[in-house]
Structure formats: structure tokens, C-alpha cells
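Chains: A, B, C and D, in written order; residue numbering restarts at 1 for each.
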């Protein structure tokens, strides 16, 4: 009997552990924390694409690999945008933060999508937009420690 | 009086059964006891899912599984019981003087072999070197 | 084959076979997030797997009994059943993760979504399990896995500041972004990846498959003592490369292609291709090992005939379990679950389940009724006992940490 | 026909009806009449009784497990809490209860090495090397 209880507890813990890291936010601080996680994750994806596209441009990589890396990042950014957008901002201050982060995510997604289109067409992708987005994300992170 | 001594749990139960050709054919899932001359003797080994289920606490399921074993046997023989005279050696595994086809666990092996494995090409060959 | 060549082959196999999807992901992930701050965990994990794999090999060689036989004999059918269910589930997650790894590696060459490749990969893995001999499987994929040495080449090519790297590894500091909980969580992930229990099921069953006797003990020792630490070095190279290339860019590893990205950046096209080949071989080999382990654990608990040393017709239920596991693993992936998440859970839960496997091995390796004169020495026992304590602490800490850190996020 | 699994785990009561724990393991001895193909028949010689812990099943004491010492000292102590009764000290075994005779005396669980032959180490196939193994 006791073993069953333990097993059920483990199963519950497993499901709880599986839950998405971005849950509801009740205070501005919590909301800002979630914004930080989101932006940091976005930066990771934009930088990944920048490195991959850069390697391709230098002849250090090949098309299929780059295409997979870029579309993985695009999917991830789309997911981030959707998840962050669905978090209820707790107050007015949070509304401003929401717009800010939403713009950053939008720019990131635009840059990555453009890169994906270029890579799939075997064209030279424009890295300037990616660099710009990456540094904007990094700056935001530096401003919100 | 002296003779080899064994602890049922430690040395006999749950050991691997090996047939006379060295093939694995189940575990010692239980020991069968009998009263004779006011003393208690081990009359043989029990093997098969039925005995295992009983030890895990599922008595009804165990009895039913034993019945299934008898039911599927071509001669309706009870191969879940292995009398001591068919036990050749007790060591870190238990060697039988039987062929594995005479042990209850063979029913399951045979069914899967005939109905699943035989339909896959290459099932009768050893792996390529 | 000359004896020397055979031993050499065994060591190469152990190096290449050490790394699987769990090691790839965990090492790259921690390298990108913590630099070399968790490198010590790899060392701890490698010593642990060396100690216990050697014991499992020795038990198999001296008694001819694989691990799961012993688990049931010593723990009784009830506890062993709980153990079996837990081990089988974790092994299943690992199998699914490895299948995903193979499919992703191929998708990087084909440029299509890996999900489309999963059925073909599952079929290919199963065909190899069905047809190829045990020795060939072990050697072919182990040696192909040596392609991962390209990570070492990349690291050397980067010519990093070795002294500051050493300092970082020996003076672990918590990055500002991280909490002690995430640090501990990733330590457990790395530890679980290095000591994955399937490696021991496979190793001990493999010893029985190859008919090891006491004469093979020297080979066993050499394979384990030399091969596994070199495999651990490979893991560290993956971590170091990630810390050099990905970390400065603020990249956290969330996909398998990101793991090989540094190699492309540093070594170019050829390096990238070799790295992808290495990932393919490592995950393919491990997919076979976990597929077989699914069959080994169930068949050994129930006493069925198992193994590739007999014709499939002679071990039908064993082969059925392997086949069903591979098919279910593929279906699980087709449900669209994130393969990196599956990998993370497989290694973290492995860490939680370690005592279930390693405790019975330690007891049997000290039991003269099984081992004759080949029981553990005092020094080995002291190390093994220390590890048993570590394993127990890790097992207790895993689930709470998983909840606190929300799965390492 | 009774089974070993029915004897294992059975509550043990002394003549006064006080609980003495449960049957933890059963010792059998190979000293009965000759059985063709097997050898001397196996007779139930006695029971190991105790309370609680399943640690007894690990057999640290009875199998002579050599280490590591923290495990040995812990599990030996637990195993020593169990007591062994010869089958002669048992009055009845029925209705799922073992009853001891009045004044039943426990014995040492592990008989002296001269009378006890443990199963061959390394099984039948490897038993030949065990003497030359070192």
C-alpha cells in the first residue's frame, strides 16, 4: 500500500516537473522574471541562428544543417511569443514591459524568418537584422538584471 | 546426519532454470512441499507465471494462470511442476535433466515463436558474423 | 585476430560507446550554461561507472549471471518487480531519446523534419538488432562513435586559455543567472548521463553473450579502466567546446543541432560532417543497446531465454519485447514530444533510480557463493560504498530538485 | 500440497500464543532417501523467524558476504535479530500459523562449517576453476 502511495506521489511529481516553466504571474516582479526568461531564451535562439548563418556564409557549414537549425529556432521563438503573450500582465507597469518584450520578440522572429527563407532558397541571408536583434535582446537583458 | 544445506530464499527461490542443453527455461518460482512420516519434504519445483503471480499476492490470477498452462499443454500435463528427480544440479542456477519443451514456460515461448517470430524473415538463423 | 588487436578494439569500443544522447545533451547544455563549473561531476560519474561496470563484468564472468537475474535473486520477486518497472520505463525513455538522436542526425544531412525519419530509423535499428551479431554491433558503432573525437580537435583548434579553463574547472563558481538549485539539478543530470543503468545491464548481459570466463577478466578491466575514462574525456571536450563557443553568445542548448554548432564554427564543413556522423553512430549504437536492454531486463526477471547468441526462434519472447519497445519508442516520438525533454527526463530519472541497479551488484560482488575467490578488494569496496552513499543522496534529491527548478528551466 | 511461499511470511506463535514474528527463511537439508537423478531428498530442517525488515533476505550473514563493512555490520546486526528454530520445535503449521512447542529453544542459524556445505560457488560450470582461480 505504502509503495503505491510513493509511486503515485512520484507520478504526480513527474507531471508537475514536466509543467512549462512559464506559469501565471501575480506580481510585477514575477512578471518581469518571466519576461527575463523569455528574452534570454529568445537571445539564445537568435544567436544560434546568427552563428549558423554566419558559418554557412563562410562556407563552414552546409544548407540542410543550417535549414534545420534555423527552423528549430523559428519554432522556438514562435512558441516563446505565444506563451509570453498569454501571460496576464498584473498591472499597468507590466503592460509597458509587455509591449517592449513583444516588440523584441517580433523583431527576433522577423530576422530569423528572413534567414530561414534565404537559406531554403540557397540565397545569402542578411545577417544585419540578426545582429541588430541579438544586440537589442542583450541590451534589454543588461538593463533588467 | 549431514548433507548439503540450503536456505529456501537465499539459495533456491528465484534461481534461473537451465535445461539439459543449457537453454534458459524459467525461474524457480516456488517449491512444492509434502508431508511424509510426519516430516515436511521438498517434492519438487514450481515454475511459470501462475506461481510467480501467487508469490506477488495475486492468488486467483495465479490459479487461473496455472490452469491456462495445463489447458494449452498438448497432453494436458502439468509442466509447472518439476519433480526432484528431474533436477540435476542446484547451484547458482538450477540445472534440469529435462528438455525445455517439457517445462511450463515453453508454452509462451512456443506461442510467440509460432505466431510472431516465425513470420519475420531470418528468425531461424543465428546472427550474421 | 591477434590478442593485442582484440584488446585495442575493445578499448576503442568502450571509448566510442561511452557517449550517447544523454551525454551529448547534458555536456553541451551544462557547458553553455555553467562553463566548466560542473566538469568535476563528469569525473565523479566516470569513476562511478568504471567501478560498477567492472564489478558487473566480473560478476558475469565468474558466475555467468547477468545483473537482472541477481536483482531478483537478492531482492525477491516483489521488490525486483518494482525495480523492473522503473528500470524498464527509464530505459524506454532513453531508447526513445536515442531513436530521436539518430533521426535528428540524419535530418541534418537530409534537410527534412526528423519526425519523418523516425519510422525508418526505428526499422533500421530493429533490423540491426535482428540480424547483426553481438560483437559486430558493439565494435562497428563503438568505433564509428570515435568520430566524436572531432570535439577534441575543435577544442585544441580553438587554442583556449588552458590555465584559465583549469581554474574554472577546479574553482567552480555559480554563474549570476543560476541558482544553487539549477546547479545541483544539472549536476544530477550529468551524473545520471555518465552512470545510466542501461550501460550496466548491457555490459553484464554482453559479457554473458560473449561467453566471458575468468580468463577475460583482464580484458574487462582494461576496457573499463582505459576506455571509459577516455570516453569521459570526450564528454568533457563537448562541454568545453560549448563553454568556449556557445556560452559567450548567451546560447543555451535546447536542440541536438546546437550541440554540433561549435564544431562547424571552429572546423568548418568537414568537421561538422564528422561530428554529425559521430552523433549518428553514438545514438544508433545506444539505441540498439537500450533496445536490447529492454529485452534483457524483462527476460531475465522472468527467466526466459534471452540473448543474441541463440537464434531468434529460440528466444522468441525476448525478441518480441525488443521489437515492441522499439515500435512504442517510435510511436512515442511521433506524438510530437520534444526529444530533448525526453533525453533530460531519461537521464535525471536514471540518476534517481541508480541505487536500484547498483546496490544488488555491490552485494553480489562481495558474495563468495557467486564470486568464489573473486570478491571485491578492500579499496574497491571503500570506493563502491562511497558511491552507494552518493547514489542514495542523488536519488533522494532528484525529484524535489526537479520540482523546485521546474525541470532545470 | 503446501508450497514454500505459503510457509514463508507465516506468523509464528509460541506455546503461550505470543507472536515471535514471521517466517523469514526456511532451511532445507539434503539427507533424505535417495531420489533417482537428484540424490538425497530435501527435508525441511528449520525456520528462521524475525520481525520487520526484509534485510534478512540479503543473506549478509548466512551467505558470508564479505563487504563493504558498513553494509556488513548493518545487515548482519539486522539478520542476527532473527532466531532459528529446528523443525522439531514446531508443534503445528496450519491455518496460516506456525506454533512452536512449549519450551522451544532457538539454535544458531548457521551451523558449523563442518556440517554445512553451501552450494558450489560459481555454479556447476565454473566450480572447477574456483579452487585454481587465484
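Basically, contacts are C-beta pairs under 8 Å (C-beta built on N, C-alpha and C of every residue); 3 or more make two chains touch, one makes a residue touch a chain.
Worth saying up front: this structure is predicted, and the values here are computed from it rather than measured.
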| item | value |
| --- | --- |
| Any chain in contact with subunit C as well as subunit D | B |
| Interface with more contacting C-beta pairs, comparing B-C to B-D | B-D |
| Whole-Å gap separating subunit B and subunit C, where each centre is the average of the chain's CA atoms | 34 |
| Subunit B and subunit D, separation of their C-alpha mean positions in angstrom | 23 |
| Subunit A and subunit C: spacing of chain centres that average the CA atoms, whole Å | 30 |
| Centre distance in Å when subunit A and subunit D are each reduced to the mean of their C-alpha atoms | 63 |
| Multi-chain contact residues (two or more partners), subunit B | 9, 11, 55, 92-93 |
| Multi-chain contact residues (two or more partners), subunit D | 57, 59, 63, 118-119, 121-123 |
| Set of subunit C residues in contact with two or more other chains | 63-64, 76, 369-370 |
| Listing of all chain pairs that touch each other, if any do | A-C, B-C, B-D, C-D |
| Interfacial residue positions of subunit A with respect to subunit C in the complex | 3, 7, 10, 13-14, 16-19, 21, 37, 40-41, 43-44, 47-48, 50-52, 54-55, 58-65, 67-69, 72, 76, 138, 141 |
| Complex interface listing, subunit D residues touching subunit B | 1-5, 7-8, 24-32, 35-38, 40-45, 48, 57, 59, 62-63, 87, 93, 111, 115-124, 127 |
| Touching residues (chain side subunit C, partner subunit A) in the complex | 82, 104, 107-111, 114, 177, 245, 249-252, 254-255, 257-258, 261, 264-265, 267-269, 272-273, 276, 341, 345, 399, 402-403, 406-407, 409 |
| Interface residues, subunit D side, partner subunit C - complex | 54, 57-60, 63-71, 118-119, 121-123, 125-126, 129-130, 133-134 |
| Contact set on subunit B toward subunit D in their complex | 1-13, 30-35, 39-43, 46, 51, 54-55, 84-93, 95, 97 |
